[in-house]
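In what follows, chain A forms one complex with chain B and a second complex with chain C.
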Partner chain A sequence: MPAPATILDTVLLKVASRCNLNCGYCYVYNMGDEAWRFQPKRMSASTAAAVAEQLGEIYLAQGQPMSVVLHGGEPLLLGQARMAELLAILRAKLPHPCGIHVQTNGVLLTDALIDLFVAYDVGISVSIDGPAHVHDRFRNDHVGKGSHARVIAGIRRLQARSDAKPLFAGVLAVIDPQSDPAEVYESLKSTGAPSLDVLVRDGNWDVLPFGKATPASIEYGRWLSRLLEIYLADPAPPRLRLFDDMLRLLLGGRSQKEGVGTTDYGILVIEPDGRIDKNDTLKVAHANADRFDVDLNVHTVRIADILASQDYDAYYRQQRPTASACLSCSNLAVCGGGMVAHRWSEDRSYNNPSIFCADQMHLISRMRELLEAADSFPLKEVA
Partner chain B sequence: MTIQPRKVPQPIPNNSSCIELPISQSAALARLVDEVRNRDGCDAPTAYNRTYHRHNR
Partner chain C sequence: MADSAQASARTFNGDSVALNRLVAEVRGPEPMESRAHYNRTHNRHNR
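Presenting the complex of A and B:
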C-alpha cells in the first residue's frame, strides 16, 4: 500500500471557471487571485476524459477510494450535456466506494440535472448562508440581486424528488459574525438538509477576516459557541459537520474534514484546462499560493508522478502546523492548527497559529465545559 | 482513570425556538458518543459516501 502522504484522498474538479453569482466574500474571485480569468469557461470533454483516466488508474494503484468534488465557479454552469458525459466517464473509472459530489449554489438545479445525479449517485451540497436577510447580504448575482429565493427554489426542487432524497448531503453556510446564530441554525435546519456545516470568513494575519477586530478578539468564537449550544440543545438535530468533527475528537474518535484535527489529506485541484493545483483555499493566503512550482497539466503529466514528487510532499506536509504556540497547545489535536491559509502572514509565511486561534480556543473551551457537564459522556484527554 | 465527582447537568440557555434540553440529554451528543464507542470512533458513513467530502468549502 502506498505511504499515506502519497494517497490521493480528494480531487476538486473545477468544471466551470465562472459563477452565476458574485458573493462578496468569495475566495475564488474576490480575494485578489485573478487566475480564473485565464481558464476556459468550462472543462472540455478531452480534459474530462484525461482526468477520469488518470484518477481511475490511481484508484486501482492506491487501493483506497477517493472523492471527487465538482466545483467551480458554479459547477452546474457546465451544462446538462457535458455534465452527463463527465459523470458517465468519472463513474466508470471511479465506482463505489469512491464518492462523487457537487458543491453548488443551487440556483441552476434542474430536474434534468437531478436525473443525472441520481443516475450516477452524486452527493449534492448546497451553499446557503441562512435566512434571506443574512444570505442576501453577500450572496448576490452580478447585478447585485440577492439569490436566497432562487437557492430555496433549487432546494425545494431537490426535495420534491424522492429518488434524490439520499443524495441531498447538506447545506453549507459562510458565517456572518454579526448575524444571530439561532436564526441561522433554524433557517438552515428548515431546509430539511440532513447535514449542516459552517465556514468562517477567510482571512489571515495580514488581512483580518470580516468582522474580526483583532487577532485576539473572539467574534467567531462567540458566534460558534452560541451555535454549539443551540445544536446540542436541539432534540431533533441534523448533523453539524464542524461540531461533530471537533466533538468526536474530544470524545476520542476521528474527524472527517480538512482543517479539523491533525490528520493530513491528499487534496488536489484540477482546473478547467486540466492544470493541476494545490488546495484552492490557499488562494486566501496570497495570489498563486495554490500553484505548484512548475505548471502541471493532466494532458502532459501523470498525477501519480506528482504525488511522488518533492514539490507535492512539501505541499502535503504544509498541512501540519509549525508555530511553537501550536506545537505546545493542548487543543492542537482538536483544531489541528486550522486551515493552512488562515496561518499566513507576509513576515512569517505559514509559521503562525491560525488567525482564528483565539476563536478556536474559546469554542473548544466551551465544548470541554459542556462535555464535562454531561457526566455520562466521559471526555477523552487529547493533546 | 481518575473518577470525577458527578456534576449536575446544566441546561443550555437558549433563546431560539428549539426545545431546551439539559446537556446530558443532548441528542447530538448521544449520537456522537454512540459512534465513538460502538463504531470505531467514527460515524459509519465515510468521507466517500454521499454525505461527506473532506474539502472545507
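Presenting the complex of A and C:
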C-alpha cells in the first residue's frame, strides 16, 4: 500500500474557468489572483481524457477510492455535450466507490444536466447563503443582480426529480457575520437539503476577513456558537457538517472535513488546460500560492510522479500547523489549525494560528459547555 | 419570519437529536463510506 502522503483523496476538476455569477467574496476572481484569465473557458475533450486516464491509473495503484469534484468557475458552464463526454470517461475509469460530485451555484441546473448526473451518479451540492436578502448581498451576477431566486429555482428543479433526490448532497453557505444565524439556518433547511455546511469568509493576518474587526475579535465565533445552539436544539435537524465534524472529534470520533481536526488530505486541483495545482484555496494567501515550483500539466507529467515528489511532500506537510501557539493548544485536535490559507502573513508565512483562532476558541469552548450539559454523553479528552 | 422566530426561540435543554445521532455513530461501527468518498464537495467554492 502506498504511503498515506501519496494517496490522492480529492481532485478538484476545474472544468470551466469562468462563472455566470460574480460573488463579491469569491477567492477565484475577487481576491487578487488573475490566473483564471489565462485559462481556456472550458476543459477540452483531450484534457478530460488525459485526466480520466491518469486518475484511473492512480485509483488502481493506490487501491483506495478518491473523489473528483467538478468545479470552476461554474462547472455547469461546461455545457451538456461536453459534460456528457466528461462523465462517461470519468466514471469508466473511476467506478464506485469513487465519488464524482459537482459544486454549483445552481442557476444553470437544467433537467438535461440532471439526467446526466443521474446516469453517472454525480452528487450535487449547491451554494446558497441563506434567505434572499442575505444571499443577494454578495452573490450577484455580472450586472449586479441578485441570484437567489434563480438558485432556488434550480434547487426546486432538482427536488422535483425523484430519481435525482438521492444525489442532492447538500447546500453550502458563506457566513455573513452580520446576518441572523436563526434566519440563515431555517432558510438553508427549507431547501430540503440533507446536509448544510457553512464557511467563514476568507482572509489572513494581513487582510482581515470581512466582518472581523481585529484578530482577537470573535464575530464569527459568536455567529457560529448561536448557530450551534439552534442546530442542537432542532428536533428535526439536517446534517450540519462543520459542527458534526467538530463534535465527532470531541466525542472521540474522527473528522472528515478538510480544515477540521488534524487529519491530512491529499488534494490536487486540475485547471481547464490540464495544469496541476495545489489546493486552490491557497490563493487567499497571495497570488500563485497554489502553484507548484514548476509548471505541471496532465498532458506532460504523470500525476503519480507528482505525488511522489518532494514539492508535493512539502505541500502535503504544509497542512500541519507549525505555530507554537497551536502546538501547545488544547483545542488543536478539534480545530487542526484551521485552513492553511487563513494562517498566512507576509512576515511569518504560514507559521501562525488561523486568523479565526479566537473565533474557533470561542466556538469550541461553547461546544464543550453544551456537551457537558448533555450529561448522557461521554466527553472525551481530545487534547 | 415564523420559521426563523421558531429557530431563535429554541434553546438547548440537554437533549439533542443531532447529538444523539453523532454519539450513535461514534459508538457504532465504522461508516461504509471511506473518507475519500465522503462528499467534501461543499467544503470550498465561492467563499
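Heads up, the rule we're going with is that the second predicted complex is superposed on the first by the 383 of 383 C-alpha atoms of A that agree within 3 Å, B and C clash if a C-alpha of one lies under 4 Å from a C-alpha of the other, contacts with A are read in each partner's own complex, and residues count from 1 in each chain.
Following the convention adopted for this analysis, a contact is a pair of C-beta atoms (placed from the backbone, for glycine too) under 8 Å apart; a residue touches a chain by one contact, two chains touch by 3 or more.
Everything numeric in this text was worked out from a predicted model, so none of it was measured.
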item: Partner chain in contact with A:L232 - chain B first, chain C second, else both or neither; value: both
item: Partner chain(s) touched by A:D305 [first = chain B, second = chain C, both, neither]; value: neither
item: First (chain B), second (chain C), both or neither touched by A:D202; value: second
item: Touched partner set for A:C23, first chain B, second chain C, both or neither; value: second
item: Contacts of A:D163 with chain B and chain C, given as first, second, both or neither; value: neither
item: Chain B versus chain C as contact partner of A:P194, first or second or both or neither; value: first
item: First, second, both or neither for A:D121, with chain B first and chain C second; value: first
item: Partner chain in contact with A:D111 - chain B first, chain C second, else both or neither; value: neither
item: Overlap of chain C and chain B interfaces on chain A (superposed complexes); value: 9-10, 12, 27, 65-67, 69, 71, 97-99, 101, 103, 123, 125, 169-170, 172, 182-183, 185-186, 195, 199, 229-237, 240-241, 243-244, 247-248, 251-254, 256-259, 280-281, 370-371, 373-377
item: For the chain B and chain A complex, residues of the former touching the latter; value: 4, 6-21, 23-24, 26-33, 35-36, 41-43, 46-57
item: Parts of chain A lying in touch with chain C, wherever the complex brings them together; value: 7, 9-10, 12, 21, 23, 25-27, 64-67, 69, 71, 97-99, 101-103, 105, 123, 125, 127, 131, 139, 169-172, 174, 180, 182-183, 185-187, 190, 195, 197, 199, 201-202, 229-237, 240-241, 243-244, 247-248, 251-254, 256-259, 263, 280-281, 284, 370-371, 373-377
item: Residues on chain C engaged by chain A in the complex (per definition of touch); value: 1, 3-8, 10-19, 22-23, 25-26, 33-47
item: Touching residues (chain side chain A, partner chain B) in the complex; value: 9-10, 12, 27, 65-67, 69, 71, 97-99, 101, 103, 121, 123, 125, 166-167, 169-170, 172, 182-183, 185-186, 194-195, 199, 229-237, 239-241, 243-244, 247-248, 251-254, 256-259, 265, 267, 279-281, 339, 370-377
